[in-house]
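The two complexes that follow have chain A in common; it is paired with chain B in the first and with chain C in the second.
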Partner chain A sequence: MSLTTDLAQAKSRANIRAKARAKSGSETTPAGEASPSPRSRRRKHRERIYQWLFLVPAVIYMALFFGYPVVKNIVMSFQDYTTATFFTGEAPWVGLANYAKVLSSSLFSTSLVNTALFTLGSIAGQFVIGLALAIFFQRKFPLNGILRSLLLLPWLLPLIVSSAVWRWILDKDSGALNRFLGGLHIVDTGIPWLTSTSLALIAVVGVNIWIGIPFNLTILYGGLQEIPDELYEAGSLDGATGWKAFRHITWPMLRPVVSVVLVLGVVYTLKVLDIILGLTNGGPANSTQTIATQSYDLSFHEFKFGEGAALGNVLVVISLVFAVLYLRASRRSVDE
Partner chain B sequence: MTTTKITIRRSATATSGSGRALNGPRLKGSGPERKKWGYTVLAVFFLAIMLFPVYWMINASLQPNGTTLETSWLPLKPDFTGYATAVSEQGGNLVTSLVISLGSVVLSLAIAAPAAYALAYFKVKGAGVVLFAILISQMIPGIVVANALYTAYNDLGLLNSVPGLILADSAHGIPFAILIIRAFMNGMPASVIEAARVDGAGHLRAFWSIVVPLSRNSLITAGLFTFLFTWSDFLFALTLTTTEAVRPVTLGIFQYIGAYVNDWSSVMATAVLASIPAIILLVAAQKYIAAGTTGGAVK
Partner chain C sequence: MKSAIRTRRPLALAVAALVGIPLAISGCGTTASTSSAEAVKEISVMDYYNNEPDKSFIGDALTACGTKAGVTIKRETVPGKSLISKVLQQSSSKTLPDVLMLDNPDLQQIAATGALARLSDFNISTADFAPGVLSAGTYKDKVYGLAPTVNTIALFYNKDILAKAGVTPPTTWDELKAAATKLTSGEQYGLAFNANPTYEGTWQFLPVMWSNGGDEKNIDTPETAQALQLWTDLVKDGSVSSSALNWTQADVKDQFMAGKAAMMVNGPWQIPALDKKTTLQYGVVKIPVRDSSQTAVAPLGGEVWTVPQTGSKARQAKAAEVVACMNSDENQLGMAKVRNTIPSKTSLAAKFATDNPKLATFTDLIKTARARTGELGEGWPAQATKIYTAIQTALTGKASPADALKQAQGQ
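Right, the complex of A and B next:
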C-alpha cells in the first residue's frame, strides 16, 4: 500500500514542490537565478553535494546489502563454490554447470510445482477471505475499528512463532485441530497434517493463508474506503444493489488495488522460507520443498553454495517477472 | 479507464449535494441498533477464529510441564514452569534479540531519516533511481542475500557477531523506513526549513533541529516497525550464525521445534515472550500509525 500511494504522492508532490522551490528560490537568490555568475554556480554546485551527502549512507547501504548480494550471487552461480573455497580461496569457474545440475535434478520439478501450488493456494485463500472480511468491515457497527486492528495480530507475530504454534495445533496425536474434529466425530483417528506427504502442503498453505489475511484485509479495506458513497447511491437508483453493485461498481473501482495486492502477494509468497522451515522443514519426503527452501538447503546444508546461488537466481528471475507486472500495475494505478 | 473516471467524478459531484441527505440504509447504512450489534457479534466470531492460535499459544504456555497428553481447553490451573524453563533456557537469546533489534533501529533511522529528507525535500538528481532501487530491493528473496552475505561475512569475520546481525537485519527495516519517513516529510511545510536556512542554519543544523523534531511521529513509527522486523528475523539468524555464541530467540524457537518436542509448555512460553513486541506495537503504535498518515496535513 505504502509503495503504491507513495508513487502517486511522489508525482503530485513533485509538481507542488517544484513550484514552491521556484518561488522561494527566486526570493533568496534573485541574482543567481537571473544571470548565473561563476560564484553562484559554484555555490549551487556545493549545495548539490551537501544535499547528496544526506543520501549517501543509504545508497552505500543499499549497494552493500542488496546490490552486492545480487551481483555476488550471479558470480557464485557460475563457480564451484563449496566449503573448500573458504579454506583455499579458490572457486573454479564452471560455466553453466550449476544451472544444468540444479535444473535437471528431479527435485527441481517437485520444488517448482510446490512453489506454484503454495503461491497460488496462499494467494487465492488470502485474497478471497481478506476481501470478504474487508467488505464485511465496510459496515458501520460498534467496535469496528478495534476489532479490525486486532485482526492484524497474526501478521505482526514473528513467523517462526506462528510456525511453532501451528506445529502444536496441527500435531497428529494431541493437536487442538484433531481433538476438535475428533470431538465432533468428524474423524476417528488423528489426521497427520504435517507428516503426511499428501496433506503437508495443504496444511502449510492453510497456515500461510492465516498469516496473509490481515495484509489483504487492510489494503483491500483501504481501497474500498476510497470508493465514493455517491456511486452506490447512483447505482441503487438504477437497481444495482448487492451482488450487482459489487460487480459493476466495487470490482471495477477496486481493480487497481486488487492488482497491486495480488502481485505484491505473489512476490512476497515466492520467497517465503520461515513458515515452511518451521512447520515441515521441506518434508516429509520433499512434499513441501519450494525453490526457496531448496536453495537454502543446497547452500547451508549441503554447502554447495554455487548450486544454491543458481537456484536462488532462478527465484529472482521468477520474482522479476512479477516485479515488472507490479510496476506496470502501479504505474497504471498512478496514471488513472 | 479515464473516461469512466470522468463520468464517475461528474456523477459524484452531481449527487454530492443531495447525496449526504439520502445516505440510505444500504451498505454503509444506519440500520437498527440491534442489527448493528449483530454485526459486532459476527465480527467478534471472525476475530475469535483468527486469534484462536494466539489464545492457544497462551493457553498451552500455562499448562503444567511434562508429558501431558492433552492440553486442556482452558488454563484453569495456570502453571508457570513453562515460563521458568523458557527464561532459563532462552533468556540470553531474548536479550540477544533485544540488543540486535535496538541496534538495528538506531542504524536504520540514522541511515533512513537523512535519506528520506533528501528524497522528499531536495530535488536530488537520481532520486528516482534510488526510489526505484528501494522498490526493486523488496523483490529480492532473502535467501539470495543470505547466500552471498554468508561468504562475505565469513571472509570479514562477521559471522556469529552482533554487529554482523545488526547490519544484515537492517535490510528488513531501512527500505521500509525510508519510504514511510519520506511519505511523511513530503507533507512537511518547506517554508519552515527555508526560514531556518535563511537565518543561517547549516544543512545539518536545519535537519537536526527542525526536520527531526517535526517528523518525530514518523520516526517513531518507522522505529517501531524496524524493531519488529529485526526482532522477527529468522533467515539471517539462521544463516549468519554457526555457533551458540550469538543466538536470537527466533533461532532458539526453531531449535526447540526442530527436534521431537515433548515439552510444549516451555516452547509456547518462549513463543509468548517472543510475541510481546508485536502485541506492544499493536496497542501502542495505533496512535503513531494514525499520526504518521494524518500528520502530514498538520501545519
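Right, the complex of A and C next:
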C-alpha cells in the first residue's frame, strides 16, 4: 500500500514541478533564472535521484509480480507447455498453433457470448441497484450507518462460501428459493435454476450482481457525498427537485465516479472464475462457460497449459481495451 | 521528517528481502542435497489425506513403515484439489518429496514427465495385484506406483423404501428403469447419480458405458449411445432429478440419506457417513447391466504411492522401502478395513469379503475393475472432458445421446 502512495506522491510532485517549469518557460524569463547557480543545479540533481529512489521499490514490485507473470504467460502461449515441461523444462515453440486451436474451437464462440452476457448483465444490475441504494442512503434516517455497513457483507464473505450457499439456495428440489416460491404458490414445480440451459446463466448473473452491489454502492455513495449541498439548494430555488435534480445536478457531478465504477466493474467481472466454478462448473452443457472458466479448465484439468495461456491472453487483451478506456477517461477528467 | 521515515521503510524491506531470498534458497539447498553416502534419517512424504479419519490412519501406517525402514517420516498433507499443482511446482524447482501419493488417473500424467522412478528399480514385488490396479500404476509397460487399497462405485439402495414398494434390487437396465419409476413419488426420486461437468460426472457414467461394451478411445459408438440413452431416459422420465447435472457425489449421498432418493450410485467412502444415521438400512449391489449376460465393469478408484526422482539414490531406496511396506498384506488389510476400501491383492479379496460383508460387492467388482488411464494414458483427461460434455448435452436435451457423443468425439 505504502509503495503505491509513494509512487503517487512522487508522480504528483513531478507533475507540479513540470507544470511550474512550463509556466516559467512561457513567461519572460527573469535574468536570475536563465542560468541556475551550480548550487541549485546540484539540488535539482539530488532531487532527481530522490525521485528515482521513490520509484525503485514500485518498479521492482511491478516487474516481479506483474511484469514477470505477464511475459511468462505470453511466452507460454506460444509453446507446447505440458506437465512434462515442469520437470524437464522443455517446451517446444509452436508459434500461433495454440491460438488457432482455442479460437477455432466450437466452444470459443459459446464462451465469448457467455462472457459478454455475463459481464453486461452483471454490470447493469450491480450499477443500477448500487446507484439506487447509494441515493437512498443519502437521506438521513435512523440505522442508516448500520444498514449500509451490513450491505457490505457479500463483499466480505469468501467467494467460495457465498457460492456454496447460493448453490444450496438455488437447488431445484430442496433449495430455499424454490421452497419460498412454492410456499407462495407462485410455482408448482421446482425451477431448475442451475440445471436448465436457459436459466443457469441468469442465475449466475444474479449471484454475481448480489456480490457486486457493495462495491458499486460504496464507490457511488462516496461520489455522492462529494457533491456540495449548495448545488441542490440553488437548484431547488430554480425548481430542480427530484428527478430533475438527479438529471441535471447529480448525474453530471457523478460522471467521473461512474466511469471509474463501470470500467473497474467490467475488468473485475470479465475475470470472474470462482463464482461460476462454485455454482455450476460451467454447466449445464457449457451454458455458463466463460473464457475465464474455459481457460482454467484447459490449464488445470486438461493440463494443456499452452492453450490455457493463449485463451487467458485473449481475456487479458479484452480487459486491456477497457483499462485503456479507463485511463483515457481518467486523464480527461484530470485535465478538465 | 515523517515522509522520510515512511519512504525508508520499503527500501529497507526490499533490501532485507533481497538479502533474505538467497539465504533462504541456500538453506533449502543444503538440506535437500544429502549426499548418498550419508545415512538417511528422514524421509519426506506428501499425500492428500488431509481429513480425519483418513489422515490419522495413513499417518500411523506411514510412521510404522518409517520405523521399520529406520527413518522418521516428515509428512505433508495438502488438499486434494491442489496436489497436482503442488507436484508440478515441486518438479520444476526440484523439491519433490521422497514419497509421493497420487490419485491413480494422474499417475501416467506425472510419470510421463519423467519425475517418477520405476518401482522395478527397487525390487518391489507387483505379484498378485489386481490387473486393474497394476494398469493404473503402469506407464509404458513399467510400474511407477502401487495402491495398497482401491475403491469403485456400485448401487446403494434403501432397504426400507424398496421393501415398502415391493421392489427388489435391479440387476438389468430394464429392471433399473422400472424400479426407479416405481420408487419415484412426491419428493422422493427413484435414483440419484451425478452427471456434473467434471471428471466426477464421467466417473459415474463409466460403469454403464464399459459394461455395455463402450470404449473411451471412441465414444461415438452404439454401445456408448445406449448407455447414455439410459442416463437420459432416467432424467427425462423424472426418476432422477435434473439436479444431477450439478450434483457432486457428496450431494448424491445427502439426497440418499435424507430419503429423497431410494437408490444411488456411489462409493464405499460414503459408508462411515451412512452408518452414522442408524435408522438408515441400506444394501449394495452392482450397477445393473443392459443384458443379464454382460459382466459388470466398474471404474477403479484409489491412490497410488510413488517414488519421485529426487536425485539421491540412498533416499530413493529408503522411500521405496516405505512404499513397499505401505503395500504389504498386513497394511492392505488394515487400511482397507478402517478406510472402507478394498485390498489391491486378489489373494486377500476372498477373506476380506467374508470378514467385511458390507464391502463384499465392491471387493467382487475390483477383480474386473478397469483403470481410467489404462487405454489412453496421458490422453485420458481430454477424452474424459468429451465424455462429460456429451452427458451434459444429452441430459439437457440439446441433442440426442447419439448426436451428443458424435459432437463431443469430433471436438
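In the analysis below, the second predicted complex is superposed on the first by the 270 of 336 C-alpha atoms of A that agree within 3 Å, B and C clash if a C-alpha of one lies under 4 Å from a C-alpha of the other, contacts with A are read in each partner's own complex, and residues count from 1 in each chain.
Following the convention adopted for this analysis, a residue touches a chain if its C-beta (ideal position, glycine included) is under 8 Å from a C-beta of that chain, and two chains touch if they have at least 3 such contacts.
Being a predicted model, the structure only gives us computed values, none of them experimental.
Enquirer: For A:F54, is the partner it touches chain B (first), chain C (second), both, or none of the two (neither)?
Expert: Both partners, chain B and chain C.
Enquirer: For A:W243, decide between first (touching chain B), second (touching chain C), both and neither.
Expert: Once the two structures are laid over each other on A, A:W243 reaches no partner at all.
Enquirer: Looking at the overlay, does A:L143 come into contact with chain B only (first), chain C only (second), both, or neither?
Expert: After superposition on chain A, A:L143 lies in contact with chain B alone.
Enquirer: In the superposed arrangement, does A:L231 touch chain B (first), chain C (second), both or neither?
Expert: Touch partner of A:L231: chain B, not chain C.
Enquirer: Does chain B (first) or chain C (second) touch A:S105, or do both, or does neither?
Expert: second
Enquirer: Could you say whether A:L157 touches chain B, chain C, both of them, or neither, answering first, second, both or neither?
Expert: After superposition on chain A, A:L157 lies in contact with chain B alone.
Enquirer: Looking at A:F303 after the superposition, I want to know if it touches chain B, chain C, both of them or none. Which is it: first, second, both, neither?
Expert: Touch partner of A:F303: chain C, not chain B.
Enquirer: Would you mind checking which one, chain B or chain C, touches more residues on chain A?
Expert: With both complexes superposed on chain A, more residues of chain A are touched by B.
Enquirer: Identify the partner contact of A:F87: answer first if only chain B is touched, second if only chain C is, both if each is, neither if none is.
Expert: Only chain C is touched by A:F87; chain B is not.
Enquirer: List the residues of chain A that touch chain B in one complex and chain C in the other.
Expert: 2-3, 6, 9, 53-54, 57, 85-86, 167, 173-174, 281, 300
Enquirer: What residues on chain C touch chain A, complex-wise?
Expert: So the residues of chain C in touch with chain A come to 3, 6-7, 9-11, 13-14, 84-85, 88-89, 91-92, 109-110, 112-115, 187, 189, 196-199, 241-246, 258, 260, 378, 381-382, 385, 389, 392-393, 395-396, 398, 411.
Enquirer: Once bound in the complex, which stretches of chain A touch chain C?
Expert: 2-3, 6, 9, 53-54, 56-57, 60, 82-89, 105-107, 167, 171-174, 192, 194-197, 280-287, 297, 300-304
Enquirer: Mind pulling up the chain A residues that touch chain B in the complex?
Expert: On the chain A side, the touching residues are 2-3, 5-6, 9-10, 13-14, 17-18, 20-21, 24, 28, 48, 50-55, 57-59, 61-62, 65-70, 72-73, 76, 81, 85-86, 133, 136-144, 147-154, 156-169, 173-174, 176, 179, 210, 213, 228-234, 236, 241, 245, 252-253, 267, 270-271, 273-274, 277-278, 281, 292, 295-296, 299-300, 305, 308-309, 312-313, 315-316, 319-320, 322-323, 326-327, 332, 336.
Enquirer: Touching residues of chain B toward chain A in the complex: what are they?
Expert: Contacts found on chain B: 1-2, 4-5, 8, 11-12, 15-16, 19, 22-24, 26-30, 36-40, 42-44, 46-47, 50-54, 56-57, 60, 69-71, 110-112, 114-115, 117-125, 127, 130-131, 133-152, 154, 167-168, 170-171, 174-176, 178-180, 182-183, 186, 190-191, 194, 198, 203, 207, 228, 231-232, 234-235, 238-239, 250, 253-254, 256-258, 261, 264, 267-268, 271, 274-275, 278-279, 281-282, 286.
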